[in-house]
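Below, chain A partners chain B and then partners chain C, in two separate complexes.
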Partner chain A sequence: MAQAQADRAFRYATLTPAALFLVALGVLPVLNLVAMSFYTIVWKNAAADWQKAGLANYAAIPGDPLFSAGLWNTVVFALASVVIQMILAFFLAYWCSRVRMGRTLYRTVLILPLLVPGIVVGAIWKLFLNPEFGFLGQMLGVVGLDPIDWLGEAQTALFAVVMVDVWHWTPFCFLLLLAGIEGLPRDVYEAASIDGARPWQELLWITLPMMLPTILVTAVFRFVVAFKVFDEVYLLTGGGPGTATQVISYTIYQRFFTEDRAGFGSAISVSVIFLVCLMLVLALAARGRLQGRPA
Partner chain B sequence: MPTHFIGRRLATAGLAATALNVVARPGFAQAKLPTLSIVINNSPWFDGFKSVVDQYEKETGNKVELDVNPFGGSLEKQRSSVRSAKGQYDILIMNSSWFAEMYFGGFCEAITDVDPSFKLDPGIYTCDDTCFFDPASKTMTAQGKLYSMPVNPNIPLLYYRGDLYKQRGLTVPKTFDELLANAKALHKPPQIYGIAQRGARGVAAVSYDFYPYLYGFGGGLFRDQKAGDYTVLLGNDKGHAAMDYYMKLFREAGHPKAASFDQAEVLQAVATGKAAHAIAVIAAWPQVDDPSKSAVVDKMELAPPPSLPGLPTGPALGHWLAGISKNVPDDHKRAAVAFFRWFQTADAQIFYTRAGGVPVHKAALEHPMGQERKYRWMKPMAEALPHAINPFRFPESPEVVAILELGLNRVIAGETMAAAGIDTMTDQILKLMTEKGYRTGRG
Partner chain C sequence: MRRTPALAAHVALVLSALIVMVPFVWVIGAGFRTQISLLMGEVWFSPTLASFNDVLFSRASDFVRNFQNSLIIGLSSTVLCLTIATLAAWSLGRLHWPRSVVVLFLGWSLLFHMLPPVMLAGAWYSMVRAVHLENTHAAIILAHTTLNLPMALWLMGVFVREVPQELLDAANIDGASPWMALWKIARPIFAPGLAATAIMIFIFSWNEFAVALVLAVKQTATVPVGIAKYAQGYEIQYTQMAASAALSIIPAVILLILGQRAIVSGLTSGALK
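For the complex of A and B:
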């Protein structure tokens, strides 16, 4: 008994500094952000003057045209890119798990886009999609079509950014799903094979159901990351034309940094954190249901 | 004995005078000056500034470090530096859209507070007196203290294809009607577009492109900022007329991608011969006449931006000022003043001009080199500069610019109609100015 108590005390004593460090790094900045969202911050005599704003910053959010456009576009962007990525990644992973020759090569090639830094992704695609001298425009010219200004037209800009995101992030989903597929129990497939199941039946009735939790976790993870998209929009379109590619992170950047509205920017940030947390809770609850147990 | 006494006094006085004279001499190499740190943006005029800094180092032996950033990145780094206990940069190269924030926030040290003996050379163009500031009255007039050194009186000019004008027998447009007619005459898409407009949304992109039209129509953003009258004029008849004209020019002779054109794309269209006209900053000129970067070398000409008949040209100042950070050590502040003392000399300014910079000294602007073909921008620049207008004199200007950037870009992108766009922007600016406590209204 005394030994157990001593062990517990030792555990607390050794873990407390790390826990405090984590709190200091992770929680305090968020608390600071929340506090800031109730103030308007102005600079006087080289010092910050925090003026109480109550809920005014939050009340102003619905009327902000960049917030509403940003939220809508973010949801559309995240849904479109994640759905496309998951479908592509699943079939690539399924195919890669079945090939015998050159598997390592395929896997390496398929994950290459993930290794490209965001700034390079922006440069590559800005050049590639340029209507005047971009590769895509020139290819369209070869077949007699007019070049399309993918990033400059309101009708195509968001779609183009989604495609760039798909190119960049599909490998991430592919890796997770491939690990999931390769971890599935082989005896189930052997039993199905003995029962005469065809490959498409194995896919539909064995692989997909068993992969569902992995698919869900990957999709949720990707959705959360896609919801925070910033670099692709910043580098490719700057949120335009008009508000066609305005996303919520870019709105925060503009309000918080460009316009220096720290209080209002914080209020939008807190709202977005709340939304992301809400999505996570819902997704975890759904996962719990799929696995037949509460989240 | 008295002779000896007088001799010692004279000798002491002589030594002191010599020391003062040497210290006050422009370009004096003060061996103990620390390395000067300057944060600057990577705009088209940067190469000229870099050359002049190199020359300063060569002449004086003093060292300068330049931290070069994109336009918006420079502002963010400046904010971060001035708001910390110890500043990272001695000199802030501030744009017209944010220098007020630095003055009002108390982040800049008056040059004359660092060195009371410093005098601004009378030949220096004071950029609508924005280099002066009175912290008590919050005004920018020549009665205030010298808070910054002008480094680039950047204004937009009309770039036009002189070779095509000659071929077609066109005359240089002075009015908006003439500009529209000429742009339409040369508009042959997709080979060449009548005009390339900078319609993208940025830190200061489409709004800066729109100001010469707004001012050229006799309109404005506010009634009289110097007098503290912030009545919003954007939504009046002149503002609407300017917007209508801007869109007419876009529809009838403009580059169709204007909604996604920032400065780089406009210059690219000009330099590749795809645009017959553009209203662009004078600081971009070296790129247009550089054989390694341009297909229209010696073909482009410049003129003051057009206006309505009877009204003066109305370019907006997009100028750059160099301020001294308050939160840096005193010896760094003195090093900054030493640089300014050298930079404002006529010789340095002429060197700056030859290196591709846009000078702030009358001696350079009126130098005989203006007769040379290479410097053909100097005459229209000198004509337009006296009419240049500084759009903002208050620290919340980035918020107003953001409203204009979004609103104007939405109009050009077709998300909203011109009239509705102007009215929405006016309402938003009015609301903002009211919330910030300025004397405002709708004018």
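For the complex of A and C:
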């Protein structure tokens, strides 16, 4: 009896701290956002003045150019960068799994960008891509071409931010896919080589299908993080030129903090939370359909 | 596998490694230039330590303090987050909670992990002001702990599964309390997982920008917040930006050299198990 009671106490004691954190600093802030979204909030003498706004904040969302541009660019950015990263990472992992000498060295170098703060990645590439003195501009100058202001032109800015993200995050996909490839059973390859399969046939008909679960899980993980992109955009472009690289996190930041419209910023946040819930439900349903392995 | 020449793979890998390294090397090089030499686009330059000097020792620069802040915040939130997450992962994984509790807990963590942190920063900001923590490290430590809790829960959830039940049963029969069993018997077994998770959380905290930007004041600003300052201002201080970027990579390089195995295991088991 005393034993059972001690076990129960232990069970509660171990879970309570995490529960407290998730409720106090996770659930409460979200509820706080929901509450704020129905008010217009003005800061007066370091105190918030809440004025009832009803649904006005929500009504203003569809007409907000930064919201629609932000959402659209975020989706384009996340899809483009995840697809490019997955393809590059797959080949890198494939090559890396085929070499014996220097594999650890390659891996060490190739995962370095992953450990660097997003803001530092932004700083590095802001300098590197600078049209006046950046490395890429100088290289174009060597072959007699005019330097391109990758981040300053509306046509190329989003593409440039995607490429910076590819540089930053391909290492993550590479690492996961490499672990996947190294874990594949050997005997299938031996059987294939006895049957006289060529390397590209092995790649296409054995490695790729067997890697599919790993590829899917990695892509989903990457998409979740890519959807939250903020640091690189903050430093590289500030959402510009115009709204060319406006992403949704940056829209929330601008509305909420730069313009001090906490009510409107909250309404946008709540809408994004709703969209994320929708994505989550769809993803879980899709996983149920695919009978994938438990994540 | 052995039949294709590995040469093509080596060539491709060396090229990729170059693409990774060239921006690093070029920016570190830019840190050793003068602003004029950089802006003139000189290919050959005589290196100077002026920018590093400026970043590290000038009175106007907060870099050293930012570095200390990042260390304080990173280490504190790592210890806090790791403790909370390990207990919770142990509880959810080994102590027979009803399925609904486990699903609710992990489901909420998953959703929370998907939300852009910047939106939570606004709510945290008003909460921090309400309890008068706005000028303290504690505000950012608590925020980073919360942000990293889902990731830590998953990772530790994977690692605590590796402890054999027979060992715990034996400990129970010998009269060990559940705390003793967790601390004395289970912990040594999942210690490598603990290390991997700790390194991951520390890196995430060290790198985090959006929340620190909102919650930090001058005295508590972290390294990313400090570096972002160089990029703004009326006249961008390019060489100082390069020098501070180069300096802020140092912890990542040290961790990569000392703890690569832990990093790899942390990243891969979080996603693949």
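The working rule: the second predicted complex is superposed on the first by the 262 of 295 C-alpha atoms of A that agree within 3 Å, B and C clash if a C-alpha of one lies under 4 Å from a C-alpha of the other, contacts with A are read in each partner's own complex, and residues count from 1 in each chain.
Criterion: contacts are C-beta pairs under 8 Å (C-beta built on N, C-alpha and C of every residue); 3 or more make two chains touch, one makes a residue touch a chain.
Bear in mind that the values here come from a model prediction, so they are computed numbers and not experimental data.
Chemist: By the touch definition at the top of the document, which applies to A:48: first (chain B), second (chain C), both, or neither?
Modeler: Touch status of A:48: both partners.
Chemist: Quick check on the superposed pair: does A:207 touch chain B, chain C, both, or neither? Answer first, second, both or neither.
Modeler: After superposition on chain A, A:207 lies in contact with neither partner.
Chemist: Between chain B (first) and chain C (second), which does A:115 come into contact with in this model arrangement: first, second, both, or neither?
Modeler: In the superposition, A:115 contacts chain C only.
Chemist: First (chain B), second (chain C), both or neither: which does A:252 touch?
Modeler: The second partner, chain C, only.
Chemist: Quick check on the superposed pair: does A:123 touch chain B, chain C, both, or neither? Answer first, second, both or neither.
Modeler: After superposing on A, A:123 lies in contact with chain C but is clear of chain B.
Chemist: Of the partners chain B and chain C, which touch A:240 in the superposed model: first, second, both, neither?
Modeler: After superposition on chain A, A:240 lies in contact with chain B alone.
Chemist: More residues of chain A are touched by which chain, chain B or chain C?
Modeler: Tallying touched residues of chain A, the top partner is C.
Chemist: Determine, under the contact definition given at the top, whether A:272 touches first (chain B), second (chain C), both, or neither.
Modeler: second
Chemist: Identify the partner contact of A:221: answer first if only chain B is touched, second if only chain C is, both if each is, neither if none is.
Modeler: In the superposition, A:221 contacts chain C only.
Chemist: Who does A:135 touch here: chain B (first), chain C (second), both, or neither?
Modeler: In the superposition, A:135 contacts chain C only.
Chemist: Mind sorting out which residues of chain A both chain B and chain C touch, each in its own complex?
Modeler: Correct list for chain A: 48, 132, 257.
Chemist: State the interface residues of chain A toward chain B in the complex, per the touch definition above.
Modeler: 43-48, 65-66, 131-132, 149, 151-152, 154, 237-244, 254, 257-261
Chemist: Enumerate the contact residues on chain A facing chain C in the complex.
Modeler: 6-7, 10-11, 13-15, 17-19, 21-22, 25-30, 32-33, 36, 48, 91-92, 95-96, 98-102, 106-113, 115-120, 122-128, 130, 132-133, 135, 138, 141, 167, 171-172, 175-176, 179-180, 189, 193, 199, 202, 214, 217-218, 221, 224, 227-228, 230-231, 234-235, 248-249, 252-253, 256-257, 262, 265-266, 269, 272-273, 276-277, 279-280
Chemist: Residues of chain C touching chain A in their complex?
Modeler: 1, 3-4, 6, 8-10, 12-13, 16-17, 19-24, 26-27, 30, 38-41, 43, 83-85, 87-88, 90-92, 95-97, 105, 108-120, 122-124, 126-127, 142-143, 145-146, 149, 153, 177-179, 182, 203, 206-210, 213-214, 223-224, 227-228, 230-231, 238, 241-242, 244-245, 248-249, 252-253, 255-257, 260, 263-264, 267-268, 271-272
Chemist: What residues of chain B sit close enough to touch chain A in their complex?
Modeler: 72, 75-76, 79, 82-83, 101, 104-107, 200-203, 257, 259-260, 262, 272, 274, 326-327, 395, 398-399, 402, 406, 409-410, 412-415
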